[in-house]
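Structure in structure tokens, see below.
Labels run A, B, C, D, E and F following the written order; every chain starts at residue 1.
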Amino acid sequence: MPQIVYIDPVGPEGACPLIKDELDKIKRRETRVEFTHLKRGPQHLEYRYYESLIIPDLLHTIKDIEEKGNDAAVIGCFYDPGLSAAREITRNMVVTAPAEASFHLASKYGSKFSIIIGREKWIARITENLINYGFEDKLASFKTLEMGVLDFHTDPKHTEEKLKEKALEAVKEDKAEVIILGCTMQFGFYKQLQEHINVPVIDPIIAAFKYAEFLVELRNSFGWITSKKYTFEMPPDEEIDKWKIREIY
Amino acid sequence: MPQIVYIDPVGPEGACPLIKDELDKIKRRETRVEFTHLKRGPQHLEYRYYESLIIPDLLHTIKDIEEKGNDAAVIGCFYDPGLSAAREITRNMVVTAPAEASFHLASKYGSKFSIIIGREKWIARITENLINYGFEDKLASFKTLEMGVLDFHTDPKHTEEKLKEKALEAVKEDKAEVIILGCTMQFGFYKQLQEHINVPVIDPIIAAFKYAEFLVELRNSFGWITSKKYTFEMPPDEEIDKWKIREIY
Amino acid sequence: MPQIVYIDPVGPEGACPLIKDELDKIKRRETRVEFTHLKRGPQHLEYRYYESLIIPDLLHTIKDIEEKGNDAAVIGCFYDPGLSAAREITRNMVVTAPAEASFHLASKYGSKFSIIIGREKWIARITENLINYGFEDKLASFKTLEMGVLDFHTDPKHTEEKLKEKALEAVKEDKAEVIILGCTMQFGFYKQLQEHINVPVIDPIIAAFKYAEFLVELRNSFGWITSKKYTFEMPPDEEIDKWKIREIY
Amino acid sequence: MPQIVYIDPVGPEGACPLIKDELDKIKRRETRVEFTHLKRGPQHLEYRYYESLIIPDLLHTIKDIEEKGNDAAVIGCFYDPGLSAAREITRNMVVTAPAEASFHLASKYGSKFSIIIGREKWIARITENLINYGFEDKLASFKTLEMGVLDFHTDPKHTEEKLKEKALEAVKEDKAEVIILGCTMQFGFYKQLQEHINVPVIDPIIAAFKYAEFLVELRNSFGWITSKKYTFEMPPDEEIDKWKIREIY
Amino acid sequence: MPQIVYIDPVGPEGACPLIKDELDKIKRRETRVEFTHLKRGPQHLEYRYYESLIIPDLLHTIKDIEEKGNDAAVIGCFYDPGLSAAREITRNMVVTAPAEASFHLASKYGSKFSIIIGREKWIARITENLINYGFEDKLASFKTLEMGVLDFHTDPKHTEEKLKEKALEAVKEDKAEVIILGCTMQFGFYKQLQEHINVPVIDPIIAAFKYAEFLVELRNSFGWITSKKYTFEMPPDEEIDKWKIREIY
Amino acid sequence: MPQIVYIDPVGPEGACPLIKDELDKIKRRETRVEFTHLKRGPQHLEYRYYESLIIPDLLHTIKDIEEKGNDAAVIGCFYDPGLSAAREITRNMVVTAPAEASFHLASKYGSKFSIIIGREKWIARITENLINYGFEDKLASFKTLEMGVLDFHTDPKHTEEKLKEKALEAVKEDKAEVIILGCTMQFGFYKQLQEHINVPVIDPIIAAFKYAEFLVELRNSFGWITSKKYTFEMPPDEEIDKWKIREIY
């Protein structure tokens, strides 16, 4: 019975507890889902500053999740904050994140994808991940809604209209074959959009969560976990103890 | 109850019916697996010529598999023969293949992977796929066993020794963090190898098969299928009928 | 006296026997040209499925052409179907194809070229070749006529107008310095177009055919043929005989 | 009178107060240098976990440095931790870091550089920066000393010998034309090494510090500062206040 | 007291002696500036032909400048003519050039820059340098003023208007975060433009000159000069003497 | 009757008049070959300085060759000095050069080629052309003979032995499928080498000369010449006259 924890990496109340309901709908029957968020922090991570601030708490949350015996943690922000560090400090728990999962899936469904984002500010940050994960050649375009993270659900009808308009442009003009919703807070829109434009629309929460289930299955069956050689070699416990790292942060 | 057909794309008896047993061991409980091979053809596909020859039969096999109501077809050769054409002609059935699946998985487990192949001849063909799928920057090295496809199981002990030697070189000298077995006929070796070198070793049959299950689940739950816009637009039935394509091949 | 066979890789009557007349006009005096097509098959290759189907017949046609003592075979489709396999199975006969020849020539005449194609569907397939041959950085743009392969000669006046419009856009907006006609069925148009827009316009049939003559000359004078080391190593005759490959296909 | 603060981003006592003396020797006469470190934290940042932990404190230190009227902050670790976030939150203060500065300088002195690092673990992290800054094509090789950050000064004679051996290999075998010392804790070695191998050896502390002086001069004379458009747009003060960001971290 | 010579690499009177006044305004107090030009030659270098013609005279001018004991030479044309050759033949004098200096600086101020040029003809030449220096991924766009080099100062008001229009387009449409003026003859405009569009605007003369001062300081303090290993190995004096190179050119 | 002039771009007597005999042997019957060299200049071009010096004389030689009614000029140095400028100033005469011609041909004969050069110093210069022409991904390796340009023919037996050794290494270790001789002064060796290692060995003089014949044929038959749009737009005669360019150089 795989146990997966979805972390909304903002505080102090999480951006959207509704996400828990979404997860309950999409999980495999045998999976147990938990939803958590950070105790403190900004309410969105559009800025690198905000993102940097929450990473230590996020990493310790992930460490706790592993120590409590869970099978996977899902980092709930499309910037994939802390993903590499999380894979470094976990012993054999699965950690997934929305952008990585979405890029992998989208590139299986078509030659080129477009990412619908809120603001142009996000482009450089997401591009860093695109390049780092090796998918820059699959990008058709970024399409910008001119909305902040917290605006997507204030007028869902309007958001839906804008999404349809931008997704259509991406397909028609930029030759996108797949659409990725470039923010976890765009949850709840993929289905109508997909029906409207008739190409796959990847919801990044779903992508990250289902990949978590999948990777847990692979780990349990085949022993496949993050390689601990080189990149993700773990920091030694002696150092962490000697410097009292867990206490001082 | 997902039904998945694994196709050993050689003839006239398949390269290895034992693969069926492997699949039975690794499938999810609810999955139904079928194993098939081509009625005619060479016994391995190391040459582009052999690969080209079997693709039409393979595509028609896949078309039949979809028409019989199956959920996925797995193409059982690490060159991924006919993968793009198969995605073009299938309506909404999942099609997966070993190299694509292995590259995706390996890049989730580490920064760089090495691929263990039989002969240097294979490098150009596999590199084409690496580039096409976008993973060329993840390659640490190719390591060559100096064996043909049909040699891997003649003296399994010897193959295992060579695999260990080459995998270790890949990790030590080329800084690979993950190993991919670069031929479906290297089945049966990943586990001991993984224990020996202590980094993930991806068996390409398992990768392709488990991805098939995963993508069927995603399709059934979220409607995600190969985009039919541009690259994978289907050939029109009228042309196929008018030119009697199905009859003449 | 070089003997070159142009293969129209469609069936059952070839797409356009008129091409023979074109070739007679452009060949060197001493060259002998033959025109052939496949005995069966679709009438165009816009889909990967069609392309995959004809490759075995095409390869056997090429094999026969070599065995009859010819010096070169030209594959008459801008997707360059089967080119690598053909170079693998030929002993020392020259094999050329339109896209490869056109990219090489165009990059000698200017910094950037645009390719005028029929439909957006073709972009992914041609891009695969662009990347494989190493010319992706030379591409200014694809320009689409919104026509199928079989439409180019139904109203040649209209086609010519569209070609002029798109070529001009390519030069003005996309900064193309050379134009490539991206389909062998666009034969007959390059000259007027070239005079109209005043930059070189590469006809892919001419490019492939003249390269064939050129490479035959180089082979005869300097012994330069496809390297049989690694990529294009030939499949062994013993396997082909043992598996009765030539009989069963 | 430019005022520059060098931050040793470890705690609780800094890795090496001796660096202050180095800076006093290399600064322009009119520059005023301050040396600071973090109040808490690990003693080196070889792991992404450690690096992630210190970034919030580092950013707030930088913010304070700007608010106190300084002209530049230098981040004293070759991973360039927090550099982008620091440029996002500073109004017009200069922020520099060792890897970025070293790559820029090295590529002015030769076609290819090698980076001498402590352990292979560092390669993936530094490669991320190489790619992000656009210098991956300038890399000749990484050379590994098999030492941790804290080992470089335990037996300086031995370190110097190893540095000479590895630098020579880089020049002879990997065709490096310039050497970069890939850790700020390799300070004190560049001069002898440079004389020994007779190619430029970049000390990353010097590179970062001198770039800071240079960029302050450019800012004061020409108004050139980090662009606040898109990538480095600042987080709004209202949000920071409303969410009490400065208080809770 | 650093002595720097700015070379206007055209003849017979230089394109613009006013540049001397600009340099006097921007130099450090202790720097001594000299301005020179070639004795013969075209009045601009928009064509490769013109550029090729002046390089020998330019190189000999640079050689003389070094022999007279100067510390740096600045090549005053955005094509950076002869830069590599100049670094090859100078013993330890600094040589800088506008494009290289501008690309380095611009990439420190933002993720993407646009270059404002006079005519589309220049794109291929500047792109060669972009790629050669490793900054092609930082380019947002070229923006063309449709003016020749000698037109920029005939109606400065008009030039300023066009610059504002094009720079604004670059920022709005192409997402440039920094603007580079792509010709030394665009001197005198950066300040107003920068105030108008509110992103850094790099004047290439300033960039090259200030880099020269900076690199002289680094050379004098740390011994960093162009590596004489491989790429910039000097031609041997014996050959130059034996072949009377200095006499015959 | 095509008239082609081969230019040995050194002085005052050319590096090797024997090349004329080679050309007479390899030309088509109807071609008329002339051999020329520069009136002054260094005896080899290994340094950028030497290369820069001879380009103006070379360009004027080429201009004269066109004005005298010739059909093509071949630049006889593997650095391809002045190739772009030569294409800019010629009206419709063909200009070819050894590296460009060799890269194009080699990539038709195999997936990867190695270039055998004299000294490591050459790597950066040749790499610039590899990248500029778009063939960097086809390079297997550079192999260095540790000889200068003028040494190749002092002891031909020894040169041949070294060539065989290095070419074999390239094929065995670096997986080269084709060998390019990376200096025109390596003429006379390709045939024995080719027979010895059994992969195509490209002599760069032959490649450049035969391409010249080929491109003249294409020009005469199809009107294909260097595009005069953008990159190779000619400098205006009025400027050249007004500035007395032809007189002063």
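Convention: a contact is a pair of C-beta atoms (placed from the backbone, for glycine too) under 8 Å apart; a residue touches a chain by one contact, two chains touch by 3 or more.
Given the structure is predicted, the values throughout are model-derived calculations rather than measurements.
Enquirer: Shared touching chains for chain B and chain D?
Expert: Correct list: A, F.
Enquirer: Among B-D, B-F or D-E, which chain pair copies the contacts of C-F, with over half of them the same by residue number?
Expert: More than half of its contact pairs match C-F, so it is D-E.
Enquirer: So which chain is the furthest away from chain A, centre to centre on CA atoms?
Expert: The most remote chain is F.
Enquirer: Need the CA-centroid distance for the pair chain A / chain B, whole Å please.
Expert: Centre-to-centre distance between chain A and chain B: 28 Å.
Enquirer: Report the inter-chain centroid distance for chain B and chain C in whole angstrom, where each centroid is the mean of the CA atoms.
Expert: That pair's centroid distance is 30 Å.
Enquirer: Where does chain C touch two or more other chains at once, residue-wise?
Expert: 111, 120, 123-124, 175, 230-231
Enquirer: Which of the chains touch, listed as pairs?
Expert: Listed by label, chains in contact pair as A-B, A-C, A-D, A-E, B-C, B-D, B-F, C-E, C-F, D-E, D-F, E-F.
Enquirer: Mind pulling up the chain C residues that touch chain A in the complex?
Expert: Result: residues 120, 123-124, 127 of chain C touch chain A.
Enquirer: Which part of chain F faces chain C closely enough to touch in the complex?
Expert: 26, 28, 100, 104-105, 107-112, 133-135, 137-138, 171, 175, 177-178, 190-191, 194, 198-200, 202-203, 206, 210, 214-215, 217-218, 221-232
Enquirer: Mind pulling up the chain F residues that touch chain B in the complex?
Expert: Residue list for chain F touching chain B: 111, 175.
Enquirer: Within their complex, state which residues of chain D touch chain A.
Expert: 40-43, 46-53, 55-56, 59, 82, 84-85, 88-89, 120-121, 123-125, 128, 131-132, 230-231, 233-235, 239, 243, 245, 248-249
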